[in-house]
Amino acid sequence: MIVKDAVCPFCGCLCDDIEVEVEEGRVVAVTNACELGTTKFMGEKRMKNPILRVGDEWKDITYDEAVKYAADMLLAAERPLLYGWSGTHGEAQCVGVHMAELIHGVIDNTSSVCHGPSILAIQEVGHPGCTLGVVKNRADLVIYWGSNPIDAHPRHLSRYTRYAEGFFLENAFRDRKVIVVDVRKTESANIADEFIKIRPGGDYAVLSALRAIVQGKADTIPRTVAGVTREQLVRVANLCKSAKFGAVYFGLGLTMTQGKYKNIRNAIELVSELSRHTKFTISAMRGHYNVYGSNEVNTWMTGYPFGIDFSRGIAFYNPGETTAVDILARKECDAALIVGSDPAAHFPRKCLEHLAEIPVVQLDPYPNATTAFCNVQIPVAVTGIDAEGTAYRMDGVPIRTRRVLSSDYLSDEEVLARMYALMQEARER
Amino acid sequence: MKVTLAMKPAAKWFIPIEAESIVPKNFLSGTDLRVWRGNRELRLDEVFSVSVEGDADRAEDVEVVLSGDTFRLKRVGEYLDAGKITVLGGIGMHCGNFMSGGTIEIHGNADGWLGREMAGGTIVCRGDAADYCASGYRGGRKGMKGGTVEVFGRAGDFLAESLAGGTVIVHGDAGDMTGAEMRGGTLVVHGDCSRPAANMKDGSCYVYGTARGMIPTFKKIGTVQHDGRTLIRFSGDLANRGKGNLFVKGYEYLD
Amino acid sequence: MTELLVKNACVIDPLRGINGETMDIAIRDGKIVEEVSDAAEVIDARGMLTLPGGVDSHTHICGTKVNFGRYMSPEDMRAGRTPRRGAMHATSGYSVPTTYGNSYRYSVMGYTTLLEGAMAPLEARHTHEEFTYTPLQDTMANTLFDGNWAILEAIRDGDVKRVAAIIAWTLKAVKGFGVKLTNPGGTEAWQWGKNVSCIRDPVPYFEVTPAEIIRSIVEANELLHLPHSVHLHCNNLGTPGNYSCTLGSFGLIPDLNEKRQTLYATHVQFHAYGGSEWKDFCSKSEPIARFVDMRPQIVMDMGQVMFGRTTTMTADGPMEFNLYRLHHEKWSNHDVELETGSGIIPVIYRRKNLVNSIMWAIGLELALLTKSPWQCLLSTDNPNGAPFVKYPEIIGLLMSKRYRDAEFATVHPDTESRVPLPAIERELDWHEIAVMTRAGAARALGIQDLGKGHLAPGADADVAIYPLKIDEVDPSAEYQKVIDAFSRTEYTIKRGRVVARRGECLVHGSNATLWVAPKVSDGYDMGKDPDFIEKFDRYYTVRMSNYPVQEEYVTRNRRIETEAEL
Amino acid sequence: MTFLMITGRTVNQGVTVENKTSPEYAAETSTCFMHEFDMMELGLDDGDAVRVTGPCGEVVMRAAASPEVEMGTVFVPYGPYANHIVAAGTRSTGMPDFKSHEVEIEPADEEPKLVHELMEDLGGLAYDR
């Protein structure tokens, strides 16, 4: 059987033109997807059934036992942390929010360690953006700033920018300029028309300088700014101003370096400045699959995109305080539910040391690094492969993912709904 | 009246306690107050040994003294408008948020967001203050609007972010993005700091040490004498069409 | 079977010509019926004012743009936070509350049906997801066609039937309700950073004018026999002197429909400005109201501005950018490929600001100067002019000259010379308010035949009972009582169940979505049109098969089929 | 020698990220990409073990030459090895300093640990079925 127009569950591009060939309940071939997507579709070695850690042993348990364990753990906790969510569908995320609200816990998603700083910046200055198709059809200038699409979003270049055909571009490859800004000459830099190499930690200064130059104040700028010559900055500012439609795509090179969200704020303010001269947009290269969906769901349900603390019943939001890394490193939670992510692989060690001390339940199809810190792991269907639901693309376009396989695994949503039902019952008693 | 709150040891000592009820005026009507440890509501005396000496009719005459391991105690002195809070050790996040009057004195270190969005009154911190001292809230347009915050140790990153009024003085070094988005008020750092006054619109920022990673979009005006020091005066942030004043003893660009 | 009997209700039901009659309302299984058995649960309304459930014919509550307004505004969110309580989930936000916040607050005010004013087709799924979490109202979505490439091309080719066919395919695909034009042509121009100044400016590349877009789409709308008319946000919103553009747009509209208007012009306050610049800015509510009085084919809503902080959000991207340059607050913009755009900025309307004071006056003037309340409905273009929780105050202002004068005394002193408001004596009555907030809105949306906006047997049992006796309250003097009553129902009944009582929501609820599926002949099925398919595949970034909104997204499906002349 | 350590995503990290118990994932995320001159100075060949010491401890990785990396900096694919030495402080933003850590690098004579061994060091229990 061949499933057409399947939606790739790997990165925030959510490519929806994938063909998946399935034989005897296994994916045997994937067409159109990049290497990352293909591997994800072909994934094997799933965990077979829920497991419970007893001393230094793993014991198989039933789904009912596992769900009960999780519900009891969360009900008993004084400050439970519900973390992850980017690897699952909106429908499951909604149940997660309802759970956090009911048990007065903290709910955070992986954006706190990817584009959380971008959100903080947007909350200060807004976000002039657009859907990916607008860029594909119109942009004659694309800037990748601190992002490396060849490695992280391999089809971004071919579907939307460098190699994409566009309605208003006769010859997209020739008519569209690509600039890459980074601290190292990545592979993406090799296919750019211009590469701006910045000293590590210098993005903010370069962005400020560009803003001033766009305003016609080049004369006050020092001869070099973070390793970039004034001449190059002036040239780039002119390229931007003379473009008909410019688009900036920024990545973790801006969100993870010194200044964090202030870098993004500066980039957005540069784009707002350029908007006085020509059309310019800016967008984040959202990484993990449905991470943008977790922001959307959390926002319409709680008012905030991530890092929401319901300890006091009402929603309190303060990244840096109510975000997962901070809470774990400061040992400020006493139980954790992990869904659709692998914090043990992605968080600093100090966070893991606390995970080792508190009860942890994880929903994940595979054994992963976090498994080692679990008291219980519940294997679930792979979202976007054997479970269908809603995911939001990096530009906010919501797509319903297709189920390409059927399996006996419960989806995240189903497992969470069972937990939630038990918890509601307990609270009503 | 003097109210002494001595923190009791707790089993789950790491769960933060929110104690916005600890403001002097609340003690005028007794000590039957509530605090929250995570999602559990607790009586004040479940968390503290409470003792009261003397009495008072008005908040101005109340002093609250906190002792013990209070570094996880959040929101103490929120909306303080009169009276005094003395913290013998360290204090947790959000101490003195929204305060409009009165005094908070901290003998140890203060955690993040000390004096966030304060409008008046005085905070003195004898130790270090962590990030976002005297700052604003997420997405907010204005930070601290009035009053004084004085830190005798060091301050963390984002000190006085979006400062709109009042005075902030740090005797030690400050961290990165000191005084970012300033739009008014006065910020004084006696030591060094990194990237001061980035994107400032207005206000005055003084750095008596060295400004590292100096933002390249400030215009040098000349030197001035200030408080017996020779400082270099800049105007900016040009990138933000700002008209602020930045005075530094020395500076280094990231060139 | 569940039965409910509301006894001793003082009913105003304008669509049935009932004006203040004391009567009983019988309800069975979610519908109004002639009578119920003795086993029915009884509510004694004790003579309180009882109206059909409120219908908001233009509000922004769900979807990409609204959610972005929330996302970028943590400072707005922290105002108005409530914890989970009983059947109510936690809520946050003031001007752009969470979906539960919207739903509960509307319900407490007696509103049971809401029209989301702008949905980009590509992002329709998002709007429908949020509808699901707006459980205490029935919802429908106006679908944006202002910059739709396929339609612009069809208009250029003079093919109105093709325009209609594209609308039919899209509405059905995205489960949309009505046709919305926001700054027609302007949103496409904005994707080049440009705009159109009024209805005669050609759109770059496509070379059609807003006038042609409006006229063709109005015609297409009627070919499809849609329940609602074209819903227009005119070009040139918010600029001094724009009233002439507004009149020009209205002048394009023939009277094509016997049952309802042919054009619904939304938030006309923002389009009724005189002067040539901000310095000589003034009200032009009079010519607009006079024009509308003479043309039954036009219905408008007020777009009232109220003082305070709010968030503006519209598909009108270029207008928001101009606002941003004025206020230099935060600015978000979101262009949608091949379709439309949107912009968001927070604003504060201040009494001490002359322009804001004039805007405040204009909205009220439109409602007071337009003779028929059926032609000027109550709205704030929530949250653009003000959050909807201000509706009760607006009702108070419309019903009381004394209240208006008291407020007028607090606005910018120069306002008096720029607006006719102080000279207007008219005070609206209960019946007129009922028209402006439910009956008229239901008729304008074309949903009265679907059981909305009235209490005839067969209608949806959506009822609002306000704690107020109209024969005991003089709204002219006791306007505060009016405001209080309209702020909090005694009972809000939705689909035959009491969903809110004295400010508390009592049930979880579940939303129904009304959407339109026009039936067209095979030759006009765009899903089979090779040119349409080819362009879709080449220029959109989602596959055509992944574009339609699936049934899973509609909790309670109210599909409306129309017989198109295609 | 002191280096600035930058972490980031790579295709190989992405390809193996769904199978974190695999040797491929361990190999990719324990690779320390360096400038070849820096490697020469430390006497390292491709594939040699290095001990990388950061603000929060040390971890053994394997060096690999990369033309993308500047002298004085090293690039490590985002994963458990880099995180073993990254500080958890976020400067109160929620985001650790993933891209700006100073580290000490020296040749080592032990093998990089497996992912589950790293986890066990921190109090976890490997699952190996």
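Each chain gets a letter, A, B, C and D, in the order it is written, and its residues are counted from 1.
Here, contacts are C-beta pairs under 8 Å (C-beta built on N, C-alpha and C of every residue); 3 or more make two chains touch, one makes a residue touch a chain.
The structure presented is a predicted model; accordingly, all values stated were derived computationally and were not measured.
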*asked:* So using the touch definition from the top, which pair is joined by more C-beta contacts, B-C or A-C?
replied: A-C
*Per-chain C-alpha centres versus the global one: which chain is nearest?*
A
*Averaging only over C-alpha atoms, locate the centres of subunit B and subunit C and give their separation in whole Å.*
45
*Using mean CA coordinates as chain centres, what's the subunit C-subunit D distance in Å?*
56
*Rounded Å distance, subunit A centre to subunit C centre (Cα mean)*: 34
_Geometric centre distance via CA averages, subunit D-subunit A, whole Å_ = 22
_Residue list for subunit A, restricted to those that touch at least two other chains_ = 120, 123-124, 201, 258, 310, 312, 317, 319-321
*Indicate the residues of subunit C shared as contacts by at least two other chains.*
72-74, 78
_Junction residues of subunit D - those touching two or more other chains_ = 91-92
_Touch relationships between chains, expressed as pairs_ = A-B, A-C, A-D, B-C, B-D
*Which of the residues in subunit A come into contact with subunit D in the complex?*
10-11, 35-36, 39-40, 43, 45, 48, 51, 53, 56, 58, 112-113, 116-117, 120, 148, 150-152, 154, 183-187, 200-201, 252-253, 255-258, 260-261, 287, 306-307, 319-321, 323-326, 328-329, 342, 344-353, 355-357, 366-369, 371-373, 377
*In the complex formed with subunit A, which residues of subunit B make contact?*
12, 14-16, 18, 36-40, 72, 93, 112-113, 131-132, 137-139, 176-177, 180-181, 195, 198-199, 213, 215-219, 237-241, 253-255
*What residues on subunit D touch subunit B, complex-wise?*
91-92
*In the complex formed with subunit A, which residues of subunit D make contact?*
4, 6-11, 14-21, 29, 56-57, 67-70, 73, 75, 78-80, 83-100, 115-116, 119-120, 122-127, 129
_Contacting residues of subunit B [partner subunit D, same complex]_ = 112-113, 130-132, 156-158, 175-176
